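Two complexes are shown next, each including subunit A; its partner changes from subunit B in the first to subunit C in the second.
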Partner chain A sequence: MTVQAIRKATVGQNGVGAFILQCKRLDFHYCDWAGSSKGMNSFLRHSLSKFAAANPQIEITVSPRPRKHPVIVGHYINGREKAICVRNLQKEQILQKAELLRDASGEKLKRVTKPVKSINESVRGVWSPYHGGGIHV
Partner chain B sequence: MRRITRIERSVDLLRPRTIASRSSPYLCSACNHQASSFSTSASRSADKKLPFTERIRQKIWGTDQPPGLEDPYGDASVFDQTKKRAAVEKKESAESAAEPALPDDYEPASTWDGLLRVGGYGHWWSENWDPDHQFTGFLPRKRTTDSEVVVAALHRAMVEVFALQQAQKPLSGVSKNISEWDPTDYVQIVPSGNGATLQFSSQASIDDILQSLDPVDETAVKKAPTESEADVAADRSTVDPLNPDMEPEVEDETSVKKAPTESEADVAADRSRVDPLPRGSQKPSNSETAEKEKSTASEKDVDADKTGDDPLSPFFQAKTYAEVIATWDPAWLGVSLENPEVKFAVLKRTMQLTGIRIPDPVIKSANTAQALLRHLIAPPKPRKLAQALVQEQGLNRFPNVKIYGKRRTPVDKERSVGRWKVIEKELKERGLPVFGREELAVRGMPLFGRNR
Partner chain C sequence: MFSRTIRKSILDTRIPTSALPPPFLLPNRARFFNTTAQHVEPPTDGFKASEVATPKSPAASSRPAATSSIPSPPPPPPTPASFSPSVKEQLPLLAAQPSHYISAHIHGRPYLVTQGDIIRLPFRMPGVVPGDILRLNRASSLGSRDYTLKGAPYLDERIFECRARVMGTEAEPMRIKEKKKQRNRRTKTVRSKHKFTILRISELKVNNLEDIEG
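This part shows the complex of A and B:
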């Protein structure tokens, strides 16, 4: 006989009932002087207001990082952070990167070989050596 | 093998043959040429002071002492002038060569202390560039930034230019004088046709404006040292100071005299019919307004006796620029500046009053007062992106957006989560540097890793 766990009526899954965005903060860093920040500065001037209005649940900070390439850093609720260097990118490309960071889960990137994954318990349960009838030799 | 001779330089052709002949006969011709290079210094033969005609004669005869007189026709020859000049020069050189007699107590200096210094700039700068002789340019040094003052200056410039045009006077006279007395506040500009007409009020007539532009009359009014002389000057001037409206102002002037400013210039300014403060930067302050109103109120009885009507005429109600601008018909902004002569005069006067330079593209494109004003009161472009994001994009209106003008350091990040105080306290307890290794170096302590 196997141990039967208390059956859960429901299993919490992000997106079932409520969806909580995993990205909690995006930092935009730019340089006032450097040419590699040209696209980033243009993005901040022209696209950031729209992006910020569309994603009110994400905290956005903009701060200079002099003499460095422009970077977008995403902070996630699992405690991890992801940074993408956007040097020499156009503002449309930077918007794509920002959306990528927004949509990311914060987990490390893994190769997904089996695209279907179940979170249901096994029907057979977990095997235990102390339960069930022993085998007499 | 024979060597090819060097090609002669073009300047060698200019050299007289005598130089080559004078050089050593033991040198080859190439060395001769090299040794006797072209020289700009006077030739030795010039020292002989032999007149040109004499030299020709010598050559013709082939001897140093040719027969016959030097000039059989007397002293009248042009060539003889050289002889005379040579004699004078010789005399002068002999005089200059003579050394001056030294005094008996002369002692040569062993150090340069106390000796007269010759050469260098000396006191040239202090004599020619000292603070007493400051250069004053056409534009004022300080650029006007207050937009209301700039609007008032443009209005003033336009009123003055159109007044000159109306009086059929040359428009170049517009920038000859900047008087503190500015009657243009009470003039309305009304667009008409391709120009504008001025609507004068009882406070300011065209003569007032023309007088304010005239530097001579202005000084006559301004320099009035005493009241009596001021009255004389006022009588001489074209302005009518004994306007019925001006009566209470005379009383008011006496009351203002009690105020701290008692210089005669102020008296003259008070006598004029505008606010006494210069148009430069400061607006009339509220305290002054209150003071003036108070003073007029105290002398209300006297005024009432004299004039009989309300003593608070608009002159001494010190107004702010915003109030003055509000009294103008906004149609003046649409006045055309198509006429190049008018446009140039307006631009020149505006630049003189405000100190704002107007670039050529704006001069070309601005055909109305509004277009010109758009450039004049445009705020300067933000130099930093963070400023631009706040000013132009208004990004700080979003509750989820924060914009920092400076780099976020690790300390800032700790501070934002409220951890920095704890970290700082712990570091201090352990005697560790709070802000890094530089702090240690300043305190003269060994840096980490050095002793190991």
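This part shows the complex of A and C:
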């Protein structure tokens, strides 16, 4: 007698019931000395606390990375990560980059031509020539 | 001034609490600190400005934030006071069938969707943050396996409830196009990378006629 697995009745889809943000962690790396980190340092001083308070779902870490350009790294639920180099950017531009990482899904960028993606079965079923009334010619 | 409060409270009661996650999962606070400007109609009276200024509990502020993020819609088409007898007769049959589809219109474009589908809008919607709920109130057809209700050109928006969740913003790979003229060495490279807002249909419901008219 074979062991039968229990069939799943439904598939979980993020956003249908609860919604979980795909970005789980943002790492901010800065350098104290280098001039390319100037905007990053002022972002860390002035804007980061507000950004973190506005996005409580995201874990935020700040760590130095001496002699290197400043970087924001986003870690996603699907295991991927995205890194953006923010050298020589102003505070406001860095905030935009942080929001880009927050809104991203973590997937690799793909060219999509169809606007709707569905895993549901067709509601009206497949057309069959043998059913229905038919047309008398 | 008070008509707006009444309307808002009606909107609030319509949203079922089961469809919304617990308030700590709602990223509603993100909208108070965002670079993109909100697409909310300008405060004509002191009501809205005072509402944003006063800090409230996240559970209380989450729902008005979700509804007020919708830009002011065009005036709805003049809806007939009552439905035709064939609609009255067959809409319960349509609602009784298990799964439904709807062709919802966003900025004039139709999207034929069922519950749980993902829509990739051809533009980046300004002023929304991931987790927001949009109510889609414009549709041209609604159907189940055996019945379809067609609008002329749009359906009465009291018949159905369709809500979409903003999932985030995605981009496409960088497009590079080379512009080269004949008999000329010069080559210009044009780069473009567009951003798109991703929605997921979180709720699709056909309303009862008794609830609408009663």
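Rule of thumb we're sticking to: the second predicted complex is superposed on the first by the 110 of 137 C-alpha atoms of A that agree within 3 Å, B and C clash if a C-alpha of one lies under 4 Å from a C-alpha of the other, contacts with A are read in each partner's own complex, and residues count from 1 in each chain.
FYI, a contact is a pair of C-beta atoms (placed from the backbone, for glycine too) under 8 Å apart; a residue touches a chain by one contact, two chains touch by 3 or more.
Just so it is clear, the structure is predicted and the values come from calculations on it, not from any experiment.
*Asks:* Quick check on the superposition: with subunit A as the shared anchor, is it clash or fit for subunit B versus subunit C?
*Replies:* Because the two structures are overlaid on the shared chain, the partners are seen to fit without clashing.
*Asks:* Output check: A:P56 vs subunit B and subunit C. Expected answer is one of first, second, both, neither. What do you get?
*Replies:* After superposing on A, A:P56 lies in contact with both subunit B and subunit C.
*Asks:* Would you sort A:N120 into first (subunit B), second (subunit C), both or neither based on which partner it touches?
*Replies:* second
*Asks:* Look at the residues of subunit A and decide whether subunit B or subunit C touches more of them.
*Replies:* C
*Asks:* Where does A:L100 make contact in the superposed view: on subunit B (first), on subunit C (second), on both, or on neither?
*Replies:* second
*Asks:* Looking at A:R45 after the superposition, I want to know if it touches subunit B, subunit C, both of them or none. Which is it: first, second, both, neither?
*Replies:* First partner only, subunit B.
*Asks:* Does subunit B (first) or subunit C (second) touch A:A5, or do both, or does neither?
*Replies:* neither
*Asks:* Just to be sure I read the superposition right, which of the two partners does A:N14 touch: subunit B = first, subunit C = second, or both, or neither?
*Replies:* Second partner only, subunit C.
*Asks:* Determine, under the contact definition given at the top, whether A:R111 touches first (subunit B), second (subunit C), both, or neither.
*Replies:* A:R111 contacts subunit C only, not subunit B.
*Asks:* Which value, in Å, gives the least CA distance between subunit B and subunit C in the superposed three-chain arrangement?
*Replies:* Minimum over all C-alpha pairs: 14 Å.
*Asks:* If I apply the document's touch criterion, which positions on subunit A are contacted by subunit B in one structure and by subunit C in the other?
*Replies:* In subunit A, residues 53, 55-57 are touched by subunit B and also by subunit C.
*Asks:* Can you list the subunit A residues touching subunit B in their complex?
*Replies:* 27, 30, 32, 41, 44-45, 48-49, 52-53, 55-66
*Asks:* Enumerate the contact residues on subunit B facing subunit A in the complex.
*Replies:* Touching subunit A from subunit B are residues 384-386, 388-389, 392-395, 398-408.
*Asks:* Give every residue of subunit A touching subunit C within the complex, in rising order.
*Replies:* 13-22, 50-51, 53-57, 92, 95-96, 99-100, 102-105, 107, 109-112, 115-121, 123-125
*Asks:* Applying the document's contact rule, which stretches of subunit C touch subunit A when the two form their complex?
*Replies:* Spelled out, the residues of subunit C in touch with subunit A are 19, 21-22, 24-27, 29-36, 99-101, 109, 111-122, 129-131, 143-145, 165, 167-173, 198, 200-202.
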